[in-house]
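One structure is given here, and the rest of the page talks about it.
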Amino acid sequence: MTGKRQVGMIVGIIGATGYTGSELVRLLLGHPAITGFSLASVSHKGSRIEQIYPHFLKLLSAPLKEAEDVIAESALVFAALPTGVGEEYARLCFDKGVPYIDLSADFRFGGDEQTYEAWYGKRYRYPDLHDVSVYGLPELNRERIRGARIIGNPGCYPTGSALGVLPALAHGIAKGAPLIIDAASGITGGGREPAPAYHYPQAADSLTPYKVGSHRHIPEISRTLALCAGKAVPVIFTPHLAPMNRGILSTIYVPLSEEWQVQSSDTAFRFPPSPLIHEKAGAIRGCYEDFYRNEAFVRILPDGLSAATNRVRASNFCDISIHLDASGSTLIVVSAIDNMVKGACGQAIQNMNILFGFDEKAGLSGVPSSF
Amino acid sequence: MTGKRQVGMIVGIIGATGYTGSELVRLLLGHPAITGFSLASVSHKGSRIEQIYPHFLKLLSAPLKEAEDVIAESALVFAALPTGVGEEYARLCFDKGVPYIDLSADFRFGGDEQTYEAWYGKRYRYPDLHDVSVYGLPELNRERIRGARIIGNPGCYPTGSALGVLPALAHGIAKGAPLIIDAASGITGGGREPAPAYHYPQAADSLTPYKVGSHRHIPEISRTLALCAGKAVPVIFTPHLAPMNRGILSTIYVPLSEEWQVQSSDTAFRFPPSPLIHEKAGAIRGCYEDFYRNEAFVRILPDGLSAATNRVRASNFCDISIHLDASGSTLIVVSAIDNMVKGACGQAIQNMNILFGFDEKAGLSGVPSSF
Amino acid sequence: MTGKRQVGMIVGIIGATGYTGSELVRLLLGHPAITGFSLASVSHKGSRIEQIYPHFLKLLSAPLKEAEDVIAESALVFAALPTGVGEEYARLCFDKGVPYIDLSADFRFGGDEQTYEAWYGKRYRYPDLHDVSVYGLPELNRERIRGARIIGNPGCYPTGSALGVLPALAHGIAKGAPLIIDAASGITGGGREPAPAYHYPQAADSLTPYKVGSHRHIPEISRTLALCAGKAVPVIFTPHLAPMNRGILSTIYVPLSEEWQVQSSDTAFRFPPSPLIHEKAGAIRGCYEDFYRNEAFVRILPDGLSAATNRVRASNFCDISIHLDASGSTLIVVSAIDNMVKGACGQAIQNMNILFGFDEKAGLSGVPSSF
Amino acid sequence: MTGKRQVGMIVGIIGATGYTGSELVRLLLGHPAITGFSLASVSHKGSRIEQIYPHFLKLLSAPLKEAEDVIAESALVFAALPTGVGEEYARLCFDKGVPYIDLSADFRFGGDEQTYEAWYGKRYRYPDLHDVSVYGLPELNRERIRGARIIGNPGCYPTGSALGVLPALAHGIAKGAPLIIDAASGITGGGREPAPAYHYPQAADSLTPYKVGSHRHIPEISRTLALCAGKAVPVIFTPHLAPMNRGILSTIYVPLSEEWQVQSSDTAFRFPPSPLIHEKAGAIRGCYEDFYRNEAFVRILPDGLSAATNRVRASNFCDISIHLDASGSTLIVVSAIDNMVKGACGQAIQNMNILFGFDEKAGLSGVPSSF
């Protein structure tokens, strides 16, 4: 690939004035290999990025161009667009040999057009692009990402969910029964466009679920887990809106396979729980640590700590804590990510780093801002 | 009971300067039958309530006395104390014939000392008081509350959970498998005492679970559900701390009994979900409406709405929304209460109203402050 | 006036689905004299109020009608509309003899069309209505409100500011120099319509001034103060948006007149401040207490307490605290109101109560919800 | 100085487990010249930093030592301690030739022991150290900081205030009359220790002033302004607590000197304000731009924008916006900083960079996280 390994490159962002677009800029300003930005925005074409986002004053002054111009001058293109409009840009990039990372759902289903159509109501225009596309979850797909030309960057909820469940599938800890994923997102997950659900007096000081039983991230989560489990993994998923800017917390209930269940007359429902419960949780924690041993951005928390969104805020970390229910039948995994970073832009940059052979942590060394 | 049906009575609150104590005052100031307050506080004895809570200025000026004096002059006593110290006050009240409503966990287990001891590490001092005590969930126990002399007011999480599950148990909708209750509480649930977890910079803009798998509300929830189901109901319960002042949202996963499962080749996992899913959810919603037909404070939300904490804020309502997962195997119930009102003080006043034969809504007519 | 003193009356609200409209409903549901609502909404005509605001479920079910129908069947009409559209409704009400309370700025300037036109860019269509209208600040204008047929309900900022300054003007405490009013409002002040400034991720966790030096409440504040001072009172006013739902805090700097200044060689700038400072502040506090002695909704806080918005939340109180700067030259008054209650709907109801001869506190007995 | 200009140095932090201590770590982890940390904590000695702040997991694992050991092994020492305990550490550092940067108020008054004693109630133990100490506001004192051995890092409020006023003093824009500074801080300003004022349910969703007229930052602000003005600058300062984690917004009212006042019959109080107002504001904005032309961290916002705390969040920027009141008599300056960065730790690092001859922006390149 022509862009590979070059240092001092110009990166393109289509959809630069949405929240994910501006977060890509925020993170990439600290990336040692990026020397320039080429930005496109349909809604603010002709303006400059620092007029739309004045927090970039003195940091970046860049005009907002046409997408075609951005593609022409960039070594890699990020598309930070709504689902449904990325294929044309992917076509252009692919035909020019420019690596393309799509942050929408458009390239998350590879050749599985049926699922994409069922949930997004739209057919593929360029099936060949989907056939070569790679699902950009580095912890699952790193080798394929290295050679990718089109990357479908994972959704925010699927990232938090999959990272929390993959080791349990890989180690045979999970039974077949449906997993229950109860997750909550900060309001930036709704994007930059004002809407009643995100209006401060409506969103503040309240908690509410939405799209219960039918959120579009369900098939993406199932599909990702199936890649690891080698078979369909039924999932029940309930997203909530929480009164915070950033973060996704996923509390995941994984029925234990027989060999991992705590079986003893001593496990009666009691407090504090039986030491056997504690022991088994420790063993599972060990499997998780093992699974993520070489991952820079996944942290398995020590016994006694629960994952919390403020400890990963503004960073690319995914924190995971391991618990067992009091009866020893169900694994409870809690994962925390920043929806805008590991759940979107940070992961996209991680994918770029892998693809270009950069240090995987380049541009992603931001320390969590825990308060 | 001597105090019964009298209008214009003095009510006593022991522990008046904690959050539940002050919330009792806030609500009771609007109760038409209450003409006076007698307040006790260990930590602020000798001060006046409006010095501790200046938002009561011009509304209530009352000295903080000894508990014994309060008991002597009140027609009913609320104990808004930490768990573990209520028995002595209950003894005094009972022996004087003063109805006693305890907002701690001390009188929630009736004769089941074993469970109380297992989870709270303490034995009963006066088992006779527990034998006559009544668990104060009006929607389950109204008749017994009418004649009660000691009421154990339910916990906040158990209230939201039980109200969300009782109809499913009563109608045979729930299968035996463990229920999963994923719930989040506003920070007032932690009480008035400053502590690291409730320190603003730690609690704000973040979401975190706590006591995963071993919260002390587990046995109370199980026990309450068993009262309705007639058998043990295993429960997996995960509480979270959410960055809001008030409210508990419980998202409850109830595996459906065979007769209630959606069984059809048409229910494949898809979007939008099969109309059969929608139909079945409607039938279950009907059962819930039926179950709560005569309840003033439970609202079964119409199709398309999800329960949210801001719609019950500062009111005694419990909102419940009914959903099915996309495969039709699991009922997802979402319940929302204000933890300080229906989850504590409002329910205690509801119990008082029932016990004294007042209008059950007296003092509880506050309209939710949705913003 | 035909509607006067009748008990069990129907009240009309035009603009019932905006924030002030729905807050009027919330408060009036607790008003003993109101037996019915007649509601109009342009944007949701044909729907029912509980569909737009489901927190009213089980409390009020009412259709949203045409404004004309509302006027025809109501004993009094509140107009909760944007500034600029109220005159026609006022005309209709006035001609039918229905008292009309306008919550916009349309009737706040009486005969002073020039100021209205200068700041709102619009001329009066019916000057006669403005000539008979009364500015509805009860603490200033109670007698005139009693006989009013059209009331211009004060703005939120002007209410907090005027109540904080009036006693200083009345007692000759204030010097002529410009007053500086630095105020911050919760986000509900921006109304129900989503917009970038009120989008949760933009508004949360941040503080920002707006319309510095040129906010339209400036002439209203000046005019109100002039009514008391008997001469023009120049005002510098800076509003801010604070990350909270409700509340306006106004910190007001009032240069002291010579007779009230602390003049002593002992007042050098030091810590703790000179006892003379403390004494003088006490004397001023006494004047304030005196001024508001008979007011039910104004609370002068005792020495040592500062006004805070959470202590008036959801109530009709205005809390005022009195301080002096360290040099003794400037009075610092802090006033706190709930912008939706004393700053809008509560005050409108207070005006209705005065106008109809009801108890001035009817429907306004809500105790502040301090957490 | 021995430590100067060395690359790859170990930095010491005394008081590493407070909020400022941990924020120093967060920022310094990204500093290219720092290769190691030596950390001291009285309250958590023997633990490791990542146990106290688990968001440092995988980023820093370091034991918490005795202060003496830290001083022995560090090339520079930051003291992130409460005011009143720093002198002994300063003594040790000074005598060993280790540069010392104190983030408390202990070294902000130089030789002016009288003011320090008046406001902090304590005398100097080592006056010689104060005589050589430098007030670490780089925009005012850069040259003296270069050669400093003891730096008194400015307070958070004084930083925001001084940066907003210095150009007006330098250019003769300000008249002699007292400046009024109305400022609000996020809750991290109160530090890590839980206390009632910072308890989430007390602090959230509310705004409150504190220490009105007598905050200890008053003499520091006056003194700093006097350094620039060459004479005493009387200041009236009111701090508020705002419901946000980080940020200080200062709204500053500066009476204009005669030559800068807008004087014209055309400036009558009106809306929109006279074009003369706009012109004059532009001229003042030009002076501010000129004053800060070479400053990396001060941004004078263009006409039409107001400073807001979210645009500087987690960065070392100070944003300043320039406004005039409607009558043209008073300059209104709004400045925004992150209280933990430019208001404390970022500025301390900026001082270190100047002192060691590093790039002044090293470790401070974090882009504001505007949402």
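Couple of notes before you dig in:
Letters are used for the chains, namely A, B, C and D, taken in the order the chains are written, and counting of residues starts over at 1 for each.
Note that in this section a residue touches a chain if its C-beta (ideal position, glycine included) is under 8 Å from a C-beta of that chain, and two chains touch if they have at least 3 such contacts.
Source: prediction; values computed, not measured.
In summary, the chains found to touch both chain B and chain C are A, D. Distance from the centre of chain B peaks at D, each centre being the average of the chain's Cα atoms. Here A-D and B-D are compared, and the pair linked by more C-beta contacts is A-D. Chain centres here are Cα averages; for chain A and chain D they lie 36 Å apart. Computed centre separation for the pair chain B/chain D is 47 angstrom, with centres defined by C-alpha atoms. Shown for chain C are the residues that touch two or more other chains, namely 19, 186, 188, 201, 204-205, 243-246, 310, 371.
Looking at the complex, you find that chain A touches chain C at residues 19, 186-188, 192, 194-196, 198-201, 203-205, 243-245.
Touching chain C in their complex are the following residues of chain D: 118-119, 178, 180, 182, 184, 186, 201-202, 204-210, 212-214, 216, 218-219, 222, 234, 236, 238, 240, 242-247, 249, 251, 253, 269-273, 277, 306-310, 313, 321, 323-327, 329-330, 332, 334, 371.
Interface residues of chain D, counted against chain A in their complex, comprise 19, 22, 25-27, 29-30, 53-59, 188, 204-205, 245-246, 296, 299, 301, 305, 310-312, 314-315, 317, 365-371.
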